[in-house]
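What follows is a group of structures, each given as structure tokens.
Shared chain: chain A. Partners: chain B in the first complex, chain C in the second.
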Partner chain A sequence: MKRRDFLKMSTAGLALTSLPGWANIANPERRLVIFFLEGGLDGLSTLVPKLEGSLESFREELIPNNLLDLSSHWALHPAMRSTHKLMLQQDILGIHATSFPYTKRSHFEGQNLIQGGGLTPFSESTGWVGRALDIASNGGRAMSLDTPLLLRGATGVDNYYPAQVNGSANPTIDLLQRLNGGLSPEWQIENEKLISRLDGRVFNSRDRSPRGLSAEAGQALARPDGPVAAMIRLNGYDTHAGQGGKNPGRLHSLTGELDTCISTLRQNLGAAWDHTTFITLTEFGRTVKVNGSSGTDHGYGTAMLVGGGAVNGGAVLADWPGLAKSDQFEKRDLMATTDSRSICAAVLEHTFGLEHDEIAERVFFTPNLPRLTDRIFL
Partner chain B sequence: MKTTNSPKSPTLNYMMRVGLLPRPEHSIPGDPVNWAIANLYRDDPTLSPPSDRDTSTNLQPWPEELDPGIRARLVNLWRWDEARDAIREKMKNAPERERQDKLDEAQFKYDLRWHDAARMDARGAFGEDSVRQRFGHFWFNHFTVGNYDAFYTAGDMYEHRILAHMNGSFADLLYEATTHYSMLRYLDNVTNVSPRSEAGRIRKQKGKQVGFNDNLAREIMELHSCSPAQGYTEKDISEAARLLAGWGDWALNPRNEHEWYSAKEPFVRRQSEPGTKVILGKEYGSGHKALREFTRDLAALEQTRKYLCHKLALHFISDTPSSRVTDALESAWRQSDGNLGKVHEKLLELAWTDGDRKILWPSHWLYNTVRISGSNFFMGHKDIFNRKSGQRAMQPMRELGISFWEERQPNGYPLLSKEWISLEHLDRRIRFASTVFGTGSGRETPAQIMANLGVPKTMRAQMLSTGRAEEQFTALVVNQWAMEVQA
Partner chain C sequence: MRALIIAVIAVVLAACQANPTTTGGSGANSKQAQGSYPSGLKRYEVGAELKQPKMNMAQSAAAKEAADRARNQERNKRLSSDTARAALHFKEQEGLFVWKHRFGEFSGKALNPREDLNIPGGNGYKLAVDGKFNRWKVNVLLRSIDFGVLTDRSHMIVAHINKGGDHDKLQPSLKLWDKALTTCRSTLPYVFGDLYLVLETTNPLVAALQVCLYEETKGDQFLSAFMKGGHALDDFVGNNGLDITLNEASSMY
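Our next item is the complex of A and B:
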């Protein structure tokens, strides 16, 4: 593959269309889902640049067998059959050689930075989705026990994670009202959300797997009065050992789980898929070369998926840097040539109808952030 | 100490900050700071009712055979592997459910994690060494071992590395935590093998993958000691990985008589990297002694002192610790040459005068709730051998999102109050309040609890004015005075 070739390869040769100005119209039915892949996704074995000659020399045992072809240049991990199908239907776009501007390879700094969306780790107490929800006066839902940094910053954010406490019943509204006076203000806000949740639909599902949460998120987002954004965490991507490739290993189960989440979300959204966008986020990619324990260590550039009915999918968007040693970041990692924040900004622009400049300035504090919206959405 | 309009005395507020609330049978200390300092050094056995069906006054020591030491645990682990293979083979045509039953039964026999989790909770519910426990939880969280493979031996690490060394020098604690099997396993150092070592060369000849794994090398600096503020480079990390190569073991089979089963340290020379390593500008030789030297050097760094004093202050004193607090802790660290007991003592003094509002970890809230209720909520050691109930041993902390035996990332559970506020966390508090109220013998009424804790009479009357006893109890513990420590 040629270096610095801007690759935009449609698998079915569909003409690329864009509808300028669309993003500025308020579309209250639009939804956003974030799959947060904790641990650092190995982009090179998930979205595989199969023509890249040096791939074999650096990581032969990590290249999966039975890759799912997307084009002459790209293939998907074999555990991602549903994703593959949706990519062929042009509903999912791959983005490669991308990262947030963070190069130090710490999980915890990295996760903080990609959720906070600030200029340095730990600089922000709110998240970039939370800030955008706040500007757009919308609500979101974290599919977890806690409320992650990514969604903090907007008042309308709640969370959902079904309890499995033996012998306990849903608290009654009477009880919650009685408790309210004894709580400090931050807890009162949560208590009010709990009251309004009980006031409406009571959740019956007890499934807390990422798949179960994807189903629940899909159903919630599909409702006209449902949350506008949801975040689902998937963990275990820190594949230092036994990552697998020629033989199925940890990455096989992980990408398989993500694949199930994507198809479950799509199924549960129903017609709402057409106005929903999902993205995957991860703190960094992994080393190009296999390490001593058939895994990979912390790296830099990685791959990302953006999908949904309005996404101009079926392709991989990459300013491909090449994999020769001299092309690697610090001679060990895939270089990142696309700022992931541009992808996130495009998704916010599309979903919330905010101006790109406003997002760049008020959400990412980077006024000159490149705009990629027209490359991502139809 | 200022607690205005609080039903809670300054002493109870302080006990919540650095320890746990008293059970009805415990006394409330007259001199809180000296109580806390003495409590830090207690060496109590774990006492608990043998079963959750026993009365809460029937306290018996946790059986010694449930803490058999690291070697016995690893032998158990290997036996479990063998038993699993045998059951799968023998029952391959049996119905799935029957096979799973047999597998569960075998696992309960060999895997002590349920016992370990129950033991920690029993201490939380009954132990009078609550200050010691709180610091134990802090350091066990600092040295997180958070995956399936590490859990087999995590209880051993807590008892014999964390609790045993947390009041000694930080250099020793760092070394002891780093070289425990759970840590070597969790952060993949068991697979960190030098390609130039004897074992590495053989593996290469066989065409197998071999090389360094930098997971533990990175986290020992980033999370366990100096933090990124030190400004180390990737080169420092890869050199540290070279130094750490050989710590741990590929094979888990003790019948192989691997050298570390007879050696004092889990260091396999034939997997280690020969030659000199240079980390943060200092040279280290080969062999197992280099790690002792390296951890001692990490412990002596100014950034290690700053990072750990700040972290201690974050957990116990304030979400935004003042420089007065961190300076005083750092000064105690310097004067004692990194003796954590002295640093903890200073923290216990500062906690009386300088504490800010903090939201308690949900685990500490649940221990307090069980303690003040006088009930016997958690399982005793006898319950675990019953598989059906044993599996529930880990449920409470898992539901509260703070189990030490749940998969999690190496940075452990968050220390900042705001991380623990959410609608679902509130929901869990309410559910557990109701289940604690509904279980156990010897439970106190809400009126008795408030009298025991010395809540002023007018406030007692106000809190008891409406609702059934269960609602009164819930209102008593799902309340800012019970979920938070006040300034």
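Our next item is the complex of A and C:
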């Protein structure tokens, strides 16, 4: 199987992370949601630098019609109407020309690096959210192999993926207790955990779509005793062909799906939106120039969205590098001028009440990581 | 020779100054004509003409409600003939039409646990109820349908009547109901059962149609009891944890 086929085959997923009951963090009501956009988001067609004179010369056919204006400088992809509305309402901030410090353009390496948050791919067995939660809760570790790397390291990790088997979305305590007899001691412990959680269970749906998972995540996170972090995995952003622009293509569907997920999450969070921050992550950006298949290839710099009630939104934050050939990374990609880890660190600082220096040193192993918290949050 | 080389270098340098290369994001000349992106990490605000005040969710909900109310009131003025007709049996409260009649009582019991209707894109349950509605013994299959968060809202109860068995006495009422639906030309787009009663709606057209149905059927004792006692039936359904809410026209949130 080719890697691209594998990427196409994998489906949306949701993982949630809870803090142990005895954890004592500064603002226990705060929540974090990560939309993980697998495949490499084309930031230039999502958050479009309208003033960039050379954009048309490199990719005229990829520039969507009916862009949603943000300002004289920027516009959003036309499929992102809810996101646009939330940006105008100052609840979402766009950040452009960002990337993790990874330039080799491999999906597997890139995805591992942005989840692990280490200095090189596959160097970490825990993820940056998991490490931050460990620091916040001073907790021991309970690691599940199925847990996304991003969340590994945290205590009380809950993996959720709605199954389509009849009755599987509503396991009964009786059934689970009967299962207990046939399980090995270590799995009995896990089974007991599941049984104990049934009373407070919030999952009722078997909707495996990204929208359905976003709704589940919102409802779970909104509970006062609910999980503190969620990762929602969306895939298909590897738009080598048929990306679309003047005519709607794959990116139109993908950004529309993300847009729906964001509005669904907000709707299901309700008042908890005021205490929730979401970010989008993707392993890399895409080439500036359109390829021969009306798509784009793996690149470097991309764009991120950060949203939520406490976000100082209604703007685009960027150290814009320009798109002239000489300004591009290796004369082909958008140059990344803002380290995505700085944005992640700000989100961790705000959500879990950790010190920036501690996050820089113990979560991202980069003591001199710039602090952007005041630029992102109110 | 040396003087010639110096002269050539001087010419090249002068040319470079006149047409500086783009470094650090200055972009092309065409950009200068349109505007530019300053260097350094900058905050590019959303255009002042587009920007809206930042609100928390409670403020946002209140603002939406106020906007909806204003929109409804404006529409009610525009659809004045429907609004006037609706006023016969609906009380208007800030753009929302509420069914006036509050007579009768409903007592009964659910015959089975609620059952999922499996409606794509929405939530719904059904519940069979055996009860007494004024002097009428009623066996109905009530449905609860919630289509999500939408702008143009109607709240209605839907009762699917068992037409067979011991319920033959209801047949004349149902025939009259069917005739009224034709007369009023008003099969609402969201009819899910044999009988429905709109208890609340933001839409004067829907309210006017309901009034028409009431006027056409008020000579029938059962239908009259059903409509006059609609609120009691709704309360009963509500006590069973059901909420029958129907909507039309979606919005983004």
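Here is the rule we use: the second predicted complex is superposed on the first by the 315 of 378 C-alpha atoms of A that agree within 3 Å, B and C clash if a C-alpha of one lies under 4 Å from a C-alpha of the other, contacts with A are read in each partner's own complex, and residues count from 1 in each chain.
Here is the rule we go by: a residue touches a chain if its C-beta (ideal position, glycine included) is under 8 Å from a C-beta of that chain, and two chains touch if they have at least 3 such contacts.
Note that the coordinates shown come from a computational prediction; the quantities given were computed from them, not determined experimentally.
By the touch criterion defined above, A:108 lies against chain B but remains apart from chain C after alignment on the C-alpha atoms of chain A. By the touch criterion stated above, A:72 is placed in contact with chain C alone, chain B being left untouched.
In the superposition on chain A, A:274 contacts chain C only, with no contact to chain B.
In the superposed pair of complexes, A:355 makes contact with neither chain B nor chain C. Shared-chain residue A:61: touches chain B; no touch with chain C. Once the two complexes are laid over each other on the shared chain, residue contacts for A:298 go to chain B alone; chain C is not touched. Once the two complexes are overlaid on the shared chain, A:315 sits against chain C while remaining clear of chain B. Judged by the number of chain A residues each one touches, B leads among chain B and chain C. After overlaying the two complexes on the shared chain, residue contacts for A:183 are found with chain B alone; chain C is out of touch. In the superposition on the C-alpha atoms of chain A, no part of chain A is touched by chain B in one complex and by chain C in the other. Put simply, chain A touches chain B in their complex at residues 38-39, 61, 104-109, 125, 142, 144-147, 158-161, 163-169, 171, 175-176, 178-179, 182-184, 186-187, 190-191, 193-194, 197, 235-236, 238, 240-241, 290-295, 297-298, 330, 332. Those residues of chain C that touch chain A in the complex are listed here as 21-31, 33-37, 39-47, 50-58, 60, 149, 252-253.
Of all residues in chain A, those touching chain C in their complex are 49, 51-54, 69-74, 81-82, 85, 87-91, 263, 266-267, 270-271, 273-274, 309, 313-324, 326-327, 337-338, 375. Interface of chain B with chain A (complex): residues 188, 191-193, 195, 200, 209-215, 218, 222-223, 228, 234, 392, 395, 399, 401, 407, 409-411, 418-428, 430-432, 434-435, 438, 466-467, 471, 474-475, 478-481, 483-484.
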